[in-house]
Amino acid sequence: MSSHIERAKILVEALPYIQKYYNKTVVIKYGGNAMINEELKQAVINDIVLLSLVGVKVVVVHGGGPEITAMFERVGKESKFVNGLRYTDDDSMDLVQMVLAGKLNKEIVSIINKAGGRAIGLCGIDGGLFKAEKLTEDGFDYGRVGEITEVDTSVVNDALSCGFIPVISTVAQGEDGSYNINADTAAAKLASALKAEKVMLLTDIAGLMMDPNDPATLIRDINVSEIPRLQRDGVISGGMIPKIDCCVEAVRQGVKQANILDGRVPHSILMEMLSDEGIGTMIYGERCV
Amino acid sequence: MSSHIERAKILVEALPYIQKYYNKTVVIKYGGNAMINEELKQAVINDIVLLSLVGVKVVVVHGGGPEITAMFERVGKESKFVNGLRYTDDDSMDLVQMVLAGKLNKEIVSIINKAGGRAIGLCGIDGGLFKAEKLTEDGFDYGRVGEITEVDTSVVNDALSCGFIPVISTVAQGEDGSYNINADTAAAKLASALKAEKVMLLTDIAGLMMDPNDPATLIRDINVSEIPRLQRDGVISGGMIPKIDCCVEAVRQGVKQANILDGRVPHSILMEMLSDEGIGTMIYGERCV
Amino acid sequence: MSSHIERAKILVEALPYIQKYYNKTVVIKYGGNAMINEELKQAVINDIVLLSLVGVKVVVVHGGGPEITAMFERVGKESKFVNGLRYTDDDSMDLVQMVLAGKLNKEIVSIINKAGGRAIGLCGIDGGLFKAEKLTEDGFDYGRVGEITEVDTSVVNDALSCGFIPVISTVAQGEDGSYNINADTAAAKLASALKAEKVMLLTDIAGLMMDPNDPATLIRDINVSEIPRLQRDGVISGGMIPKIDCCVEAVRQGVKQANILDGRVPHSILMEMLSDEGIGTMIYGERCV
Amino acid sequence: MSSHIERAKILVEALPYIQKYYNKTVVIKYGGNAMINEELKQAVINDIVLLSLVGVKVVVVHGGGPEITAMFERVGKESKFVNGLRYTDDDSMDLVQMVLAGKLNKEIVSIINKAGGRAIGLCGIDGGLFKAEKLTEDGFDYGRVGEITEVDTSVVNDALSCGFIPVISTVAQGEDGSYNINADTAAAKLASALKAEKVMLLTDIAGLMMDPNDPATLIRDINVSEIPRLQRDGVISGGMIPKIDCCVEAVRQGVKQANILDGRVPHSILMEMLSDEGIGTMIYGERCV
Amino acid sequence: MSSHIERAKILVEALPYIQKYYNKTVVIKYGGNAMINEELKQAVINDIVLLSLVGVKVVVVHGGGPEITAMFERVGKESKFVNGLRYTDDDSMDLVQMVLAGKLNKEIVSIINKAGGRAIGLCGIDGGLFKAEKLTEDGFDYGRVGEITEVDTSVVNDALSCGFIPVISTVAQGEDGSYNINADTAAAKLASALKAEKVMLLTDIAGLMMDPNDPATLIRDINVSEIPRLQRDGVISGGMIPKIDCCVEAVRQGVKQANILDGRVPHSILMEMLSDEGIGTMIYGERCV
Amino acid sequence: MSSHIERAKILVEALPYIQKYYNKTVVIKYGGNAMINEELKQAVINDIVLLSLVGVKVVVVHGGGPEITAMFERVGKESKFVNGLRYTDDDSMDLVQMVLAGKLNKEIVSIINKAGGRAIGLCGIDGGLFKAEKLTEDGFDYGRVGEITEVDTSVVNDALSCGFIPVISTVAQGEDGSYNINADTAAAKLASALKAEKVMLLTDIAGLMMDPNDPATLIRDINVSEIPRLQRDGVISGGMIPKIDCCVEAVRQGVKQANILDGRVPHSILMEMLSDEGIGTMIYGERCV
């Protein structure tokens, strides 16, 4: 009996956090280990369905690195990376899109539905969600890697108001065909366009640390205005650079909070949203905590 | 960290139960110790607010025995009981109504609001909710104790659809003034009229037991069709008789489940609604489990 | 037959006034003799129901002086006044709230409903309508007499849009319990928050008079900007001071008209609203007649 | 002052009648002296606007005898009557339609609007309201006099729900052009199709009398089942025959009451609707009073 | 078969034009030959019904010159023109209104309904659409010819949102009776008040030509800012002056395009709206093509 | 000019057909040559966008034979057919789903959007649209080829009411993973569940012919009750058998018409819908033409 009471207490303690996010939009970039490990995957899906049920408008944006690599191997195509981004020729784009929008997207939808949620799988082409053009950065040529030039949120808002959890593959519509979009960037752009309360990037690290080798130096929350200093000091480096850039961009565009979450910890989404301590690193706007 | 994960798991385990009651109406008869003990009171209120937040349409019906007695004492009026019911003369009715609708009702509303809910306090007079006439049972005269002759649920439905938790004092409108209504009866009648999913009576006992002295003989659930046999066998006796009658009446009028809950156990409402085992005794309709 | 035609003519003559207030919000502070005398009471209620029926959004705010005094006497508590306001200790507050929200409020609701209206009784605690803190004026201590710090009109607007006449007891929610609010002040504050067309204070005087002993000197209407001069000249004195202050406050906050009505005259509300001459004293804004 | 109170009382006494017709549809056939005499005309219009304002859904159907005759004279066309109905050749139909839909209809709309109502003028052609075919009765040929074969109430319902008072000319759409419809018949048919509460025919007589020469023999109300006997006995004769037939038809099709009103008495509409005694003759259904 | 494919191609080619006007408001001034010739009439009506069906909000404003003249002749009244406008005395106004609102208006409604549209016939009196006063221009007296002083579009918007095609006679409400309004002016004013996308005047000329005798000099489109120069140069002369003035006024008030169409060419409305070349002369705003 | 008038006339002639299908649901099974040939593809898409624009609720269901075969070849997997259906092992299912839901589906969406429509790409997994289980027919084992056991149309209806054209890949959700569904069957089942007006199967034949070698023997329309006789007589044979079965099933379930269309003819969809003659073979219900 006492364990039952304990469980009820825990539910009740979640109350203020549920109230805080009631009817707010939260964009979750789903990727990394949490998309591969079966147990972690199930925990993420359950978190998403629970949030949806208690009134949070959850939008899922997913990438698909390992599955794409596997598909490339299967058809005997070499994965080629330029400046850290997968070079995508026309034929590769086809494969990328099929894996993202045809396989992973529908798999996530399927698991959410089985867990009692109501999901719908979309990509940036549906309803004209993401328009893109060729990414031209620093003089590199990434093939059909694109950058988003326009976000039309109506299909996502319609899905939300019809009670669905939109699950979105990061393929965008270009003038001359599809473009492959970095999922962190797409999540940040979409969160901005939706005027979301929060965007959360599920990663395979504990968060931003002053000393990457010492978990004790984890930065729990930081005002977006302090990021440039950390960039100058080299605290933000390697794979963290683009992720933090996405967070900064989202917060600057009006998203209240951007989080780097550790996707290797089960239920990290709920822990971040339904407790005071949170988890990972939160970047917040200049005028709010 | 692990305790956080544990808490998240507990939240996730509540998912199917939350889904089960989503957008369903549940009537809670609030009374007994749970209305006196401060800690129990807070637990009940938190349960109510949480249920409301996860999409359950909660309606609270309350009585007020001890507070009424205290008020009688204060004005030097003797409490007189006829056949187990408080005899209520015209002057007493005034006092009863003031305590119920003026004090306890607003106190419950106030605590719910402080806990983050949105409550509104009503009585059977508001919006013509309960019409009543003098109770004439077995030839006894109970004064202004009434029985409900008509329920107009529009004020309750309007309050629910505006997002409020209606908290209802069991005073009804008669042709010739107010009537005092038994709260269990009122809760059952209202649940029937609202076509509620569930009505729960918070009591000061563990539930219906084959042997009232042996908690191990608790009847966890029972089909309404088996109640008459238990009545004949004397298993249902004393104060249990009217409570079980209310449950039977509600279930026969279409409420799916009626529960006798132990209000002395904190969070008994959540435990009943958000777990498989439930708590106390559940009476269910003939065609469903 | 001719008397019938006469009656029809009178109805038709009310047309332009009905049109003027169609779908407008009017707050009526109900109190004084009109709340004690049975005939006057019935006339007020009939006026309210009629206005509601012809499309006016009527909100009733009531006080309860004499009934509170009677209750105090009954429990052997002395009524103590400080600077003209009833000193309210914690225990008194309980009694005040019970009489207002439990007795008078429901009685008004009951009579309106019997007259064919659809009323709902609320107090400042319901739906968080009035937040208050301890009144600290001129260094006096009035106990639990409060001043309103916040008005959340949603519960009143919801009630109006569901077709109810909200009847409101002037008890407010404080951080540390209920507070007793002056009914004239509450009516004025509520009218301001509702952006009402008109607030009417039912009193036991004919209106504001240049010479209080000479009814012929009644001021029929006056621009709010001329009030300060009358205050300086001592024309406004005694019990008139706080009432005029309420009117001025309401008009300054955007209510178009504030009226001091003579509640001792039957149907003074209808007479004010449905005729050219009006009755009592009207205070209007600087830019309108 | 006392006359003011008297007026307020009269308004209040109208309350129960206003409540009775609230949101109900009432069809008024407007014609006869009440359409010619300026004072009567203004009284009718005021009655209509008042009823509309207090929540009655008023629909006006009008004829136009004298004006049509005047127009015929003007163009040198002889009015020819067959079996009591105006024979209407193709050219006459044009004139009839112009007078009804172009002159009288817009005049009524104009006066209602000036009196503060919101009227819209329609005829049976608009929105396909009335479909008709040539009237073939008793072997007579009436030219383009038609009988209604189909009523599509959508244009009237749309106008009512947009808050307009529909004013309807009794011209209908035939396969081969317009048809002239008897206004009493059209009002009765429309009332039936609208499932109206009441249809009222404004006439130039006091009502149905046992002895047409003795006003004291006026039949105030009569069950529709008793009409056939009166027809057999010759009590219903002359111009009364078709009017009573319309009333009977409407009541048999579900309209609760049909009234023969004396349009020569100012405010006869209000007198019928807002008093107990009523005026003229009321024919009611078999199962209601 | 190939002719079928051809027809399908033509339908498909209309796509972008249909999309362009989807849900936009277009006001058509219907008059001239297109209102007299049976074949042209049917073509105009079909164009209107088709546009309505593919999602254009069509509003028809009509005049009625020849029919009015015929009516005048019939009653032996001489048509008198002042400064190019029909002088309208009180009696004439009656005739004008009857022909416009009673005959032509209902005839257009009837034909639209037969062609499968849903039309409703209104004039400026209905719902207070057009308020007017006596036209006083250049010291001439035109009798009851009026100029519009106020447009209340609610009756037109209500009709459009209920799915009707409003057909409007240009009679307006004055303080002292009806006024006759020039139909081109009324169409332009209404288009402005409705914030229409386009107003189209059906005329009996090919459009504005540099040399009125040489169709090859037709001006296909012209920026409103260039009109004054053409006026000074005398290119705009005679009957063209008021028509162009209407167009200029409409465009200056926010209507995107105003067109002078040749109503003698069947389907000129569709040709203008559903092809690139258009037909006649288009006057457009300073900031758009 | 005359060619312009001709075009306008053709548009107008389409009117009655557009009216016939206004707001009706039409399911189009898109496949065969019309999905390969670029010109035919564009014609189909234009037809779809036009129908959508003129108020038809178009739902597109597509298959993908040749692209799937190409993908199989690319990964070196042999296409294996059992009883005319592609045998689909677990790995093949992945490929099939990727090609259908990830490539072809998004390509169709993209082309519709470019043509000015608003499409959204879904598969049977999204929103739980199609539930399926393993097809077990005649003792054959087809691997993951499934048959639909349940259709939940809410996601399609939501998309339609938000103004989108749903484009659906025929992948369904099974208990143990995805299933491949025959596209003709899926279209027929969906049309039945949507209570569609019409289902059209785009094929590579002219329709059902009495003599397959003689186009002159084409059956233009046939009552569903006559199909069994043709089946017995062997007129329906080969690939026609399952297609006709789908049509029969749809019509028996309440779809008014099922069409076998020749997808090799450009604009066959428009020709069928917007002309009297139609194209291909139409199977209609027993009680309608």
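Structure notes:
Every chain is named by a letter (A, B, C, D, E and F) in the order it is written, and numbering of its residues begins at 1.
One rule holds for everything that comes next: a residue touches a chain if its C-beta (ideal position, glycine included) is under 8 Å from a C-beta of that chain, and two chains touch if they have at least 3 such contacts.
Because the structure is predicted, anything quoted here is derived from the model rather than measured.
Across the assembly, the mean Cα position most removed from that of subunit C is the one of F. Distances between chain centres, each the mean of the C-alpha atoms, put D farthest from subunit A. We define each chain's centre as the mean of its Cα atoms; on that basis subunit D and subunit F are separated by 56 Å.
A separation of 36 Å divides the Cα centre of subunit B from that of subunit C.
A straight line joining the Cα centres of subunit C and subunit D is 45 Å long. Not a single residue in subunit C touches at least two other chains. Because contacts link each chain to exactly two others and close back on themselves, their graph is best described as a ring. Order of chains round the closed ring, starting at subunit B and going on to subunit C, comes out as B, C, D, E, F, A. Those residues of subunit A lying in contact with subunit F across their complex are 74-75, 94, 97-103, 105-106, 109-110, 113, 118-123, 125-128, 155, 158, 162, 164, 171, 173, 178. For subunit D in complex with subunit C, the residues that touch the partner chain are 1, 4-5, 7-16, 18-19, 22, 43, 46-47, 49-50, 53-55, 115-116, 265-267, 270-271, 274-275, 277, 279.
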